[in-house]
Each structure stands twice: as structure tokens, then as C-alpha cells.
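The following blocks contain the structures, represented as C-alpha cells.
Below are two complexes that have chain A in common, paired first with chain B and then with chain C.
Right after this comes the complex of A and B.
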């Protein structure tokens, strides 16, 4: 066995080595399918994953995250740090040095002015830039010379790798987009459909919401890459059909985000034409507890601080019992297969941030949950539902419409009924639930329910902004037009203090310690009940080599290294 | 007849305006948000900015008038200008109807997708008619024969088995079970970039539309053959048929000249009324075979709350429906000289 793997490994090493000296475009054509079709190739105007990832083959950021979530220089030679002088000692600025000699696909040189322009393009308030939060505290971006760009912040930035890092923040060409600033941005259809980039591929034809045709960039910095001369990037259909086209019919080489019934996916993979790959990032499917009172009788004060506390979910015992009663491993197995595993943390990665203090919930224990409720004085009524002082444990549990979520709801309802909690289920169309329509009572921000379920994540590897979601001032309420991320309406001065401390701490070990403490506080106080650490599942054909699955950046981050087996 | 047609045409204007208002209100008042499908990492303030940049901050009546202006004045102007290659006034800076998801003109998206819809859905309609009419005629002429029984059974199957089942079934047989190098293998994913330039590329085009066309043609043929059969049966028992036979006409002439022509009148009306559906695309079949035609465009627009796109597309369907209703009425008059509207 060992000899075999050794031989295979050597063979693989040789094939990689032989690839390195192969010519650009020598491997012909590659077919990629995304069942959500890209609508635009400018991630600043869309923000949808499909658009960000498809554009990542064409336009590139200064630095990317690799498959382990580590920052990797991309258009620069090294990552600026305080140690190498790239980040100023007061943590107020970062200076990037572009690698000399990088060319745009039209043959002109990439300069610091393009980077400055990209920042200005996204910061123009009339443009509606979808990535503007990445540039939030930027006070100035300037080109020190043709290859040096300095980003200054208005506050101390212990983690200054927001601007121009990751697939959401690629550099666009100043010459091409100069007339597309601000209100003009959406009108530049030709530019938005065919950005000039530094990436391995160039767009030859873009049919919105359908298909992108690309060919190798003749000016790509590595003369031997990409191995493929042309790409068809098809969109549309559904996840099952995309999986079938790679694993069964073999028409496509790579299929993205195969969120389908795990048993069907493994059946397809048995055909032997391709391989299912998965990796885990920061996405967690969680139950958001409502600590404020969602009683419709409260009218405008519903689910707000003024409406008063929740009649029973403010009792920590109830929240703990609800959590302990859930069999997360079964939920993962039924709904997610290779794409999910049980978790008890809201920060499931990168590894250095992951706490082990909450692992009690990994094992379901109905008896223990019953004991917790019993001890807290919740007694079963004649209909089996527990109550105390006239308050019944009756929960309205809402989520978006999605087959897996409805399965999860049904299972959770069953387990909760075993501990004497009555549950009413509700599901809402995703575009309404996640939409910010002020007039709709069904948005996840309004949280007009006792418990709601959805997935949230943070992009990149730094959880600072994400952890900042649960400070008091982030509570959605009528006065801020229900904007804010603190869905549980959790408010704890100790938590806010830690968030403030995190914002001024630079050393990575200290940051990890604070994040873990914040995560533990949220978990132990029961502001939310995490269920599943969700990964991404994709599939590639056996004839496609070089794929490295990455959830920290675009899945197509290393498409320049792909080759034909 | 001409007067009647003109009167009807004039009357369509207020009808269409009213329809456009209703569509707009339905879409605008529905609780849906164009930023709803963005990843959760995009914060609410940014979402609000995106909504403002899309023009959602303007009052509702203003947005409706804007759309009317763009659709009824700017878009036709643009088409005329492009066709004759001139520029009238400030043609560079006119804002056309822009899709929110793609930030590109909606009309261009529709034009881009019309070919594949016409290839697949239009072809299936033609094939359906070609199959259905003979089946309907023979079934009626030999009522309750084995041919009629078989035809009825197939029609029932074609009508009641949903296309998402037949479509996937065909894919499993022709794309998965049959090896890819066999000549019977058919692609399960429609290639919209394919261009027909020579015989080989034409054959490829036929191969890639074969499965979706078959699925849809089965459904269409089932429907039309039943209409045809019923209409033939109505006519076969009428007095003029007996007269024709009594005059000593050949059975062929009786059937194909006298009965068929008269039986076609209601069927032609049904066919004309159904043509707008061809442009509406076949949402499910398009999805199954990734044809990405107009039906898929509409569904994407609805899911992404892309109001200008959905508004324009549904309104174009409304125009087609109103227009083909008129055409059906006029055809009726032409086919049956006894009918006169004036």
C-alpha cells in the first residue's frame, strides 16, 4: 500500500512537473458549470458568489487566501506586515509593492494607479458598490510610485488586509473603467461584461445568466500557464443536473456547489467518472434565538428592545435545553452529507479561533434536556407542553424555503416535542426572508418569531467584523430601518468591551484568544444555537487535474494551474 | 373586416397600458428585494446603498413613468436607430430599460435569448402540430379502433406526465446510459454558443435540440391531437358530409377537403392563441436541458427580484397575447366566410 501510494505520489509529482514546462494552451478546452449562472463579471456591482467566482478567472486581487486560509501574495511579492515594514507601527496604514512586469490582458502594464482607481471606484457613494464594507475605514489610497500603493485608515486596523485582498476585491483597469465611476457604473455594460484583467483568462463572449466563453490570456505573467487554451463557463439548471453532467455524462469538467441530497450525490460519484470534493470554511447554520418579545399584540414594539424581554427564551435553562435536545450529527448526515458536520461554535474556523469549551452540545441528550427544564421549574401541562407561571413553551420557528432546511425543521420539532416544547414551523421565500424590504414582516432582520434559522459566515479569515455583529448597537430596530446584524437582540456590556479590545489588538495570538472568549460567551449565554458547520461541495472530472478546493477565496483561485489528466 | 381590425387595434392601447400598470404594481408591491440573494457577508448599509443606486429610492409613480418612458419611447427609438445606423438627439446618454442583476439593457438580453427559445420551443410546436393533425384525423375517422385507442392512450400519457419527468428520463437514457462515443448519445446540456455554419454543425444543433423538442412536442401533440379529433368528430356527423358522400365524392375528398377544412377552424384558433406561449418559453424544460431561453430568464428575474426585467418580459408576453387574440379572431373570419364582424 505504501509503495503504491509512493509510486502514485511520484507519478503525480512528475505530472505536475511536466505541466510546469508544458506550453500555454496545450491542454485544449475545459468546461465548467455553475448551476447559478453569472449575471455580470464585475464583483463590485454584484457581490453574488457566482459573479465573484466567475470573475476571479479574469481579474485578480493583490493577495488571496490559499486552501488553508493563509494569505498568499498574488500580484505582489510579499504580504506587508509590521515586521517587514509594510504595515505602519501605529497600524494606520499598509503599503503594498506590486510585482514588476505584470501586464493586463491588453498588453499594458499593471500599475499602482490601477489599484488607487479600483479603491476610488468602489468608494464612490453613487455607484452602489457591493464590496464597500471592505473599504470601510479607508481614509486615503495613494500611489507612492508606479508600483507602490499605500492605503491609510482613519482608525487603527490591526488586520489591514481588507482592501484588495480576496476574490471580492480584484483590481480593475483604470483605462477601461475611467468613464464608469459612480452613477455611470451600471451603464458600462461592455466593461462589466468583459473586464480587462491580469488573470489567466480573457473573456471572448459573455451571455448574461447563461454562458461565458474565455481563452487564455496571452500576457499572463507565467508563460507556461494556463494549460487550457479556452474555457466554457456554463450556468443554469440545478445542482443535481450540474452534478450529473460531471459525474455521470462527463460533459463538464468541474461543477460548483453541489448542494443536493447526499445519498444521490454519492450514488452519482460511484460511476467513477469524477470525484466529489469538499472543504470547510466559516459558514455555520444556526438557530438565532429572539431575546426580545415577538408577540404580535405589541404592534410596532414587536421584536424590539422597547417591547420588553422574551417571555421564556431569556431563561438560559430553556435555551440550553433546546440546544442539548438536538442531534446535530443526524442533521448533518440527513441534510448535508460530505458538506456538513456538527458544530457547537459560531466561529468554526480557521483552526486557531476554534473553541472547544462548548462541545457539550455535540451529543444529543433528551433526558438531560428534560432534567434542565424540570430543574428550572418548567412543568409539563396536561397536553405535554411545559409551562411555568402561565407561560407555555411554544415556539414559532422560521427559516427560508429550502428542502434541507425544512427537513431540519421537522427533525428539530420532533426532538423539541420530546422535551415538552411545542413548535410551529414557518418557511419564507429566500428573496423575502433575506431581502431588506421594510414593508415585509417576514425578513430575518425583523425576526418576528421566537427562533429563526439560517447560515452566516465571514469572508476571509479575520472574524473581527463578524464578531462585531452582536454588540448592542447592531440591534435591528425601527429607528435604524431594521438594519443591523444582531438578530438575537443580544446586549452584554462585557461582550461589547471585548469587541472594542479586539479592534485595537494586533498580535494574532491575542486576537484568537479574544475571539474564542467572545464565541464562548455567545454560546454559553445561548444567544444562538449553532447546528452545522457547512462546507462547500464541488465535483471535478477525473480528466481534470490541479483542482485545489478553497473556501477562503474563490473556488477557481488556482485555475491557472489546472491541467488535463 | 379592416374597420373591425383597426377598431380592435386602437382598443388594445388602453388595454396594454392598464396591463403594464397592473404588472408594475404587482411586482412593486410584492415583498421582494433585489439584494436578498447576496451573500450574508454584504452588510445591510451596503445593501441599502445598492438599492438606492438601483433607483429604489424614487417614489413609485415616478418609477412607473420612467419605465413607460424607457419602454415606449427610448427602446423603440433605439431599435430604429440601430437598424438604420443614425443618431437622433442625445442618443448616447439615454437610459434604456436596465436589468438590475446584469446591469445591461433588458431588450438586449431578450434578443440574445430568443434564438434558442425559438429553436427549441418553436420547433417543438411545429413538430407537435405535424404529428397531431394526422393522428387527430385518423383517430376521429376510425373512432374506437385500435389506432384511436392507442392515440388516446399516448395523448393521455403525453398530457399527464410532467416534462421534468420525461426530460430527466431521456437524459438518463440518452446521456448517461449510452456511452458518449455512441452515435445515439445526446448532450444533456444545450450549448447556446453553438453556431450553425455547415452540415456538421447543423447535425450537432439537431442532436442538441432533439431531447427537449421531443419532450415538448409530446406534450403539445397530445393537446392538439385531442382538439383535432373532437373537431373532426363534430363535423363527420353533419349533413353536408352525407350530402358530399351522396354526390358520389371519393372518401378521400370528403375527408381531406370538406371535413378537414371545416374542422381546422377551431383548431387554428387554438394554435394561434398558443403561439405567445412559444415566446414565453418552456420554463421547466428549458431548466432541465439548460437551454437558458426566455423562460429561464423570467424565472431568474423573479427569483432575483429583477423588477425591470420581469416587468418588460411579462409586458412583452402581454402584447403577444393581445395581438394573437386579435389574429385568431381575424383568422376565424377568413377561414369561415359566414363570420363577419362588421
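Right after this comes the complex of A and C.
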């Protein structure tokens, strides 16, 4: 018996091994669908997830995050740390050593000069680089020799893994992009649509906002990879159609970001043609409270600091009652299924950053919410809506147009009506809501509503930049063209001080402590009401193997390892 | 002899009704439309479930005694949603029709009757006809939604906006038809006779011209009810228009498309309601046209 299982085990091991050493291009063709179509293959000119992820099959960073959120060497042999001397003791510089022998898809060698050029390309102020925040505080990038590059910072950087790490910071080829610096960057269509890269695939044809054709990179560093000879990367449609094309019709092998009703998704998955995969990162669906006054009568001062505080959302009791009245577990079950968990924190991971101080809201308690409001002096009027000093608890609640979000809105509205809060729902097309158009009154930055709902997250595992979103200076307002991430218009000097402290703190335990304190401050002072810790949901065909879902980096991070079952 | 006299005494409207009755499609259309109007108007008094009440334990149910058309993904009753949605859709259809008939007739009569205004008014009509309807509606909704919402509250504000948007963009065909008829009627002998008796323009229009162009106006009116219901559905289908918890037939259809495979009846009910209403109204219009035309009547 033992021998038999041993033999079987060996046989299995061999078959796995034989799969792994299959020849490059031996598995034919693979079809990928992203229902938001890529418009460019240069992530330095677009912050869109679809563009970053599609380009990650072609161009690669020095290091990236694996499925567990750990830094993984990619074009280098090891991650520089203080211990191995790669990061200087004063935390002012980091030195990367490239793996020798890596070639671009045109056959030339990858050198440190390409890395230096990539940094200069993104830091050129005329270029409008979308990823320049990753290069914050970089004072100098220099090539010490052909394979060594040193990045120096103007301040101490306890976390120096911003530049050239992750899918947003891939290395581009100096020879190709040399004439595309600064203001000329967006004009280099041929380069932006067909970058030469070190990744497993090469672009053969790019139709913006439609389809990308790729074939295996003949100079890829692993001679046996990728297993696929060619790729069709299709964009467009909607989430439900994308899911259907993988799970029901089998036209495609991989579909991305399937935010659709879990009942529909599981019904599609029952077809047996594919598998739904999800994994949890840092995405949180949250309600952003407006602490400024969105009254249209204020005109230009609407939803700004000058317009004055919000008539009732500045009352902590109201915000707490609103939060306690929500059944997050039900919201997760109805809208997200296995891809959602109730959360009371805006930082839901990695585990060491997660606070437990706000878990009151995990359990819905309508009676308690009513008591909180009653105690705070909000009395029910004749129509059942609570009011105090002539101020009615009437909320305009906006979000983007998506069936799951509208269901969430309907449920929340019902619960709030049970505690005497009147809610008006509004939904705005996602391209307008997230579009950032200065002239539109409906963008999420303008926040011309009392409460708005959307998801945000941070890539990688370090929340420093993310926590910096809610300092006073990040408030969107007319003077900064409504740019900024502080949608609640939250402004507390104590919070700003902690953000500054976090930036210069090195010890990981201290960083975790500060992040938790910042998270708790945001929750307890009611800048936002977190609802769901959302997973990334994608689907792949049963005929596609090797897929490892990754929420910390591009989902296509290991596309070189994909194979045909 | 007596019989002949009574026949002569029958009123014009009785003749219209007699002719209308012979158009089988129109009669069926009227019965169906009456039933729909009755259900939608009085249904919520008998079927008292709140269309917005969420009973999550009863989600995605098939037809049962408690929910004759089943429930949606949040456990809201489909039948009461259909009734509530019908109220809005029909009200939008009728009000928008009234508005577009008013504009169309006014502009049509003026441009047909007063030669000097004909050119400018007809160019204005051409201009409106050339405008792409849906994008224009989207812009209007974006520009005026907040103002109207502030003035009349969220639901009435959007109602006014949608009705006036549809009304203001659908009067052109009516104006053209009416103008053509007015031009023809204007040259008839009885108008000349009235003119020679010293009839003023206002009286001429109200007494002699308008009654003679009633038939195309009535027909266009019925047809534009149908068009307005479809436009509202299109707006709701695009996720614009009314708030998401405010049911209309178009929105019900839109919300159900994702569940088409899971529970196809959820798409069929609102789709059927829209189709039946539009079809029956169109048949009524068809019958009215035959009945109101004295040359066809009596054959």
C-alpha cells in the first residue's frame, strides 16, 4: 500500500515536473478579458488598473508583491535590506543589483541605465507622470555600474520600496523611450502602445480601448516560459458578460474584477466550465461622511471648509447611530458573497495593522442606534424623521451606478428609516463619478452629498501613503482644482502629526501602532463608515492552470507560469 | 322616414365611435389599455405591499400566493413594484404627451397660419429634429437636476425634468403635421367666407382651423404617449432618470437584465407591460385616425 502510494506520488510529481519544463509556446493560445478596456500600455501615463495590469504582462518592476503581500525579487536576485547592506544604515538610500543576463524583448541587455532612465522619465515635471507619488522624496538615482542602481532620498525612508516596486513602477527601455521625455511623453504613440519589455509577452498589435494581441517574448529569461505562444487580451463589455464568457460559454480563459450579484456568479460557476477565485487585500467599501456643508444654497462654498460644518453629521452620536444601524454581514452576503466580509476599519489588512477597537459596529443593533439618537436629543417628528432645533436627519446618499451598490443603498435606506433617518438615493455613472471632471458636479471629489459610497485600497503592504490621504492638506477644494483624497473634509492637527510621525518611524511595530491609532481616530471621529472588506474576484477557465490570485500587485503578475490544463 | 331622421341627428362624436368600433384592433387596444390604467390606478389600494419594503429572507422567490410575480434580489414584491412603476410610467407618458401636443399644435398652427412666421418656426423645428435626442436629454438632466431637486424635492423635481425633457424634444413631428393641415384648411372656401364676414385671427383659429385639424392632433397625441413611455424606459434603462428606489417599468427592466437567466419572468413582466401599453395605445391611435377622417368614416 505504502509503496503504491509512493509510486503514485512519484508519478504525480513527474507529471507536474514535465508540465513545468514544457517548451515555450507549447500550449498555444490564451484569451483574457478585462471588461474595462486598456487604453494605453504605459502605466506612467495612466493610473487605471486596467492599463497597469495589461502592461504588467510586458514590462516588469525590479521587485513585486506575491500573493501573500511579501516583497519578491523579480529583476533582481535579492531584496535590499539594512541587514544585507542594500539599504544604507541611515535609511537615506537603497541599492538594487540587477540579475545578470536579463534581456529586453529586442535582444539587448537590461542595464542599470534603463532603471535610471525610468526614474527620470517619471520625475520629469512636464511629463505628468501618474505614478510620481511612488517616487516621492527621491533626490537622486544613479547607476553605480551596469547592473547596480542606487536610489537616494532627501529624507529618511524607513520604507524605501516605493520606486521600481510593484506593477505601477515597471522598468521601461531607455533606447525606446529616450525621445519621449517630458511634454513629449503622451505623443509617443508607438512607444506607449507597444513598449519593449522584459516580461513574458510582446505586443504585436494594440487597438486602444479594444484588444491587444501578444506573443511570447523570444528573449524571456526562463527558456521554458511562457507556456503560451500567443495571447488575446480583450477589453470592453460589462462585468456580467465577462463572467459569462469564462464560466458559461468558455470563450475566454480569464476574466477580471467581477463585481456582480453573488447569486448570479455562483449560478454561472455551477456550469462547471470555470472557477471563481477571490482573495482579500486592502479594499474596503466605505461610506464617506461629508463633514462640510453640501447645501446647494451655498453656491461656490458648497462642500468646502468655508461653507461651514455639516448641520448634523458633525454630531458624533448621529454618525455612531448610522453605523450601528447597518447590518454589514447581510450587506456582504447579499452583495458580495464569499468575496466580502464585514469590517469596521478602513485598514483591513495586513493583519498586524488591523485594529479591534471599533468592532462595536460588526453587530447590527437598531434599538441601540435609536437610543443613541434619543439620548443626543434627536426626537422623532410627526413623519417619523428625527429632528433637533429645526434640523431634520435627512441624508442624500450617492454612489456609482452598479447593481450591487444600488442594492446596498436600498438596504441601508431601510435600516436608516427604522432609526428615523430619511434617505434620498442617487446613483451616478461610474465614468462621471470617478472621472474627476472639473466641470461636473457629480464627481466623488466634489462630494455634493451628505454621504457617498465607494471602494478604495492601497497597493503593496505599507499603508503610509494611504493614511496620508486624510490630512488637512489633502482636502479637495476649488483652489486645488478639487484634487485630493480627503473626501470627508476631515481635518485634525493630531491626525496630521501622527501622519508626520509615521513617515519617519522605522520599527515595524511602531508603524503598526501608529497606523492603528490613525485608523481608530478616523473611525471614532466619524470621517467614514466602513462597510465591507472586499476581495478581488476573478474567474478562470478550468482549462487554464497556474493562476495565483494576487491582490497586492497585478493579477497577471505570474502570467509567465500559466499553462493549459 | 323616421329612421332617416334619427340617423341625421346623430352627433359627430357618435359617428366617430361607430366607425371606431369597426376597427377590431383599436377596440382590443382600448380594452387592454383600460385594464392597465385601472390596475395601475387602483391596484395599490388592493395590493398593499410596499414596493420598497425589503424582506431579505424572501429574496429571488418564484410566483406564490404571497408574491404572485415573485420577488427580486432583495425580496421586494415584483407585482407591487410593477403597479407602482406603471403609475410613474403612464403618468410620464400622458403628461409628456400633453406637453408635446401643446407645443406642437401651437407652433404648427402659428407657422401654418401666419406666413411671415412660417420660415423661422419651421427652421426651429428642423433644428430640434436635427438634435440627437438621448445625448441632449443626458445634458439636460445633468444641468438642471440639482436646481429642480432643490425646488420641488427629489421625486417631483426629477418628474418635472423628465416630462419636460421628453415633451420639449418630441413636439416636432406634431408641429409639422399640424402646419401642413393648417396650410390646406386655410385655403378652403369656408375660411374665405368666415374671413369675409370679418372673423378675427384668434376666432378663425379656434373656431374654424383647430376643429378641422383635430384628427391628426389626436392621432399624434396617442402615438406620442407611446414614444414618451419608451423614452422614459430608455432613460431608466441607462440608469439615469429617477432615483434607484423609485420604480418605473424601464428601471424594473434594467434591474432585471442581470437576473435574466436566474428568473426570466422578472424581465418579461415589465417588458410585457411596456409592450402591451405601447401596442394598445398605437392601435387606439390607428383606430382614431380612421374614425376621425370623414372620408373614411361610413365606408
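Simple rule for what comes next: the second predicted complex is superposed on the first by the 548 of 565 C-alpha atoms of A that agree within 3 Å, B and C clash if a C-alpha of one lies under 4 Å from a C-alpha of the other, contacts with A are read in each partner's own complex, and residues count from 1 in each chain.
We adopt the following convention: a residue touches a chain if its C-beta (ideal position, glycine included) is under 8 Å from a C-beta of that chain, and two chains touch if they have at least 3 such contacts.
This structure is a prediction, so every number in the text was calculated from the model and none was measured.
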Practice task
Determine, for the superposed arrangement built on chain A, whether chain B and chain C clash or fit.
Solution key: fit
Handout entry: Touched partner set for A:459, first chain B, second chain C, both or neither
Key = first
Handout entry: Which superposed partner A:440 touches (first chain B, second chain C, both, neither)
Key = both
Practice task
Considering only touches as defined above, state whether A:91 meets chain B (first), chain C (second), both or neither.
Solution key: neither
Handout entry: Touched partner set for A:261, first chain B, second chain C, both or neither
Key = second
Exercise for the section: Examine A:269 and indicate which partner it touches, taking first as chain B and second as chain C; both and neither are also allowed. Expected result: neither
Practice task
Would you mind checking which one, chain B or chain C, touches more residues on chain A?
Solution key: B
Handout entry: Contacts of A:477 with chain B and chain C, given as first, second, both or neither
Key = neither
Fill in the blank from the handout: Here the angle between the directions from the C-alpha centre of chain A to those of chain B and chain C, rounded in steps of 10 degrees, is 40
Exercise for the section: Give one of first, second, both or neither to describe whether A:321 is in contact with chain B, with chain C, with both, or with none. Expected result: neither
Fill in the blank from the handout: Smallest Cα to Cα distance in angstrom from chain B to chain C after superposition equals 7
Completion exercise
On chain A, the footprints of chain B and chain C overlap at residues 429, 440, 442
Completion exercise
Within their complex, chain B touches chain A through residues 31-54, 95, 98-99, 101-105, 108-109, 112-113, 171, 175-176, 180, 187-189, 191-193, 287-288, 290, 292, 296-297, 300, 303-305
Problem - chain A to chain B touching residues, read off their complex - result: 33, 37, 39-40, 42, 45-49, 125-133, 183, 185-189, 192-193, 205, 207-211, 213, 232, 234-238, 241, 244-245, 248-252, 429-437, 439-440, 442, 445, 454-459, 476, 481, 483-485
Handout entry: Touch list for chain C against partner chain A, complex
Key = 52-54, 56, 59-60, 73-74, 76, 142, 146-147, 150, 154, 239-240, 243-245, 255, 258-259, 261-262
Completion exercise
The residues of chain A that touch chain C in their complex are 240, 260-261, 263-264, 267, 296-297, 330, 334, 401, 403, 406-407, 409-411, 413-414, 424-427, 429, 440-442, 448
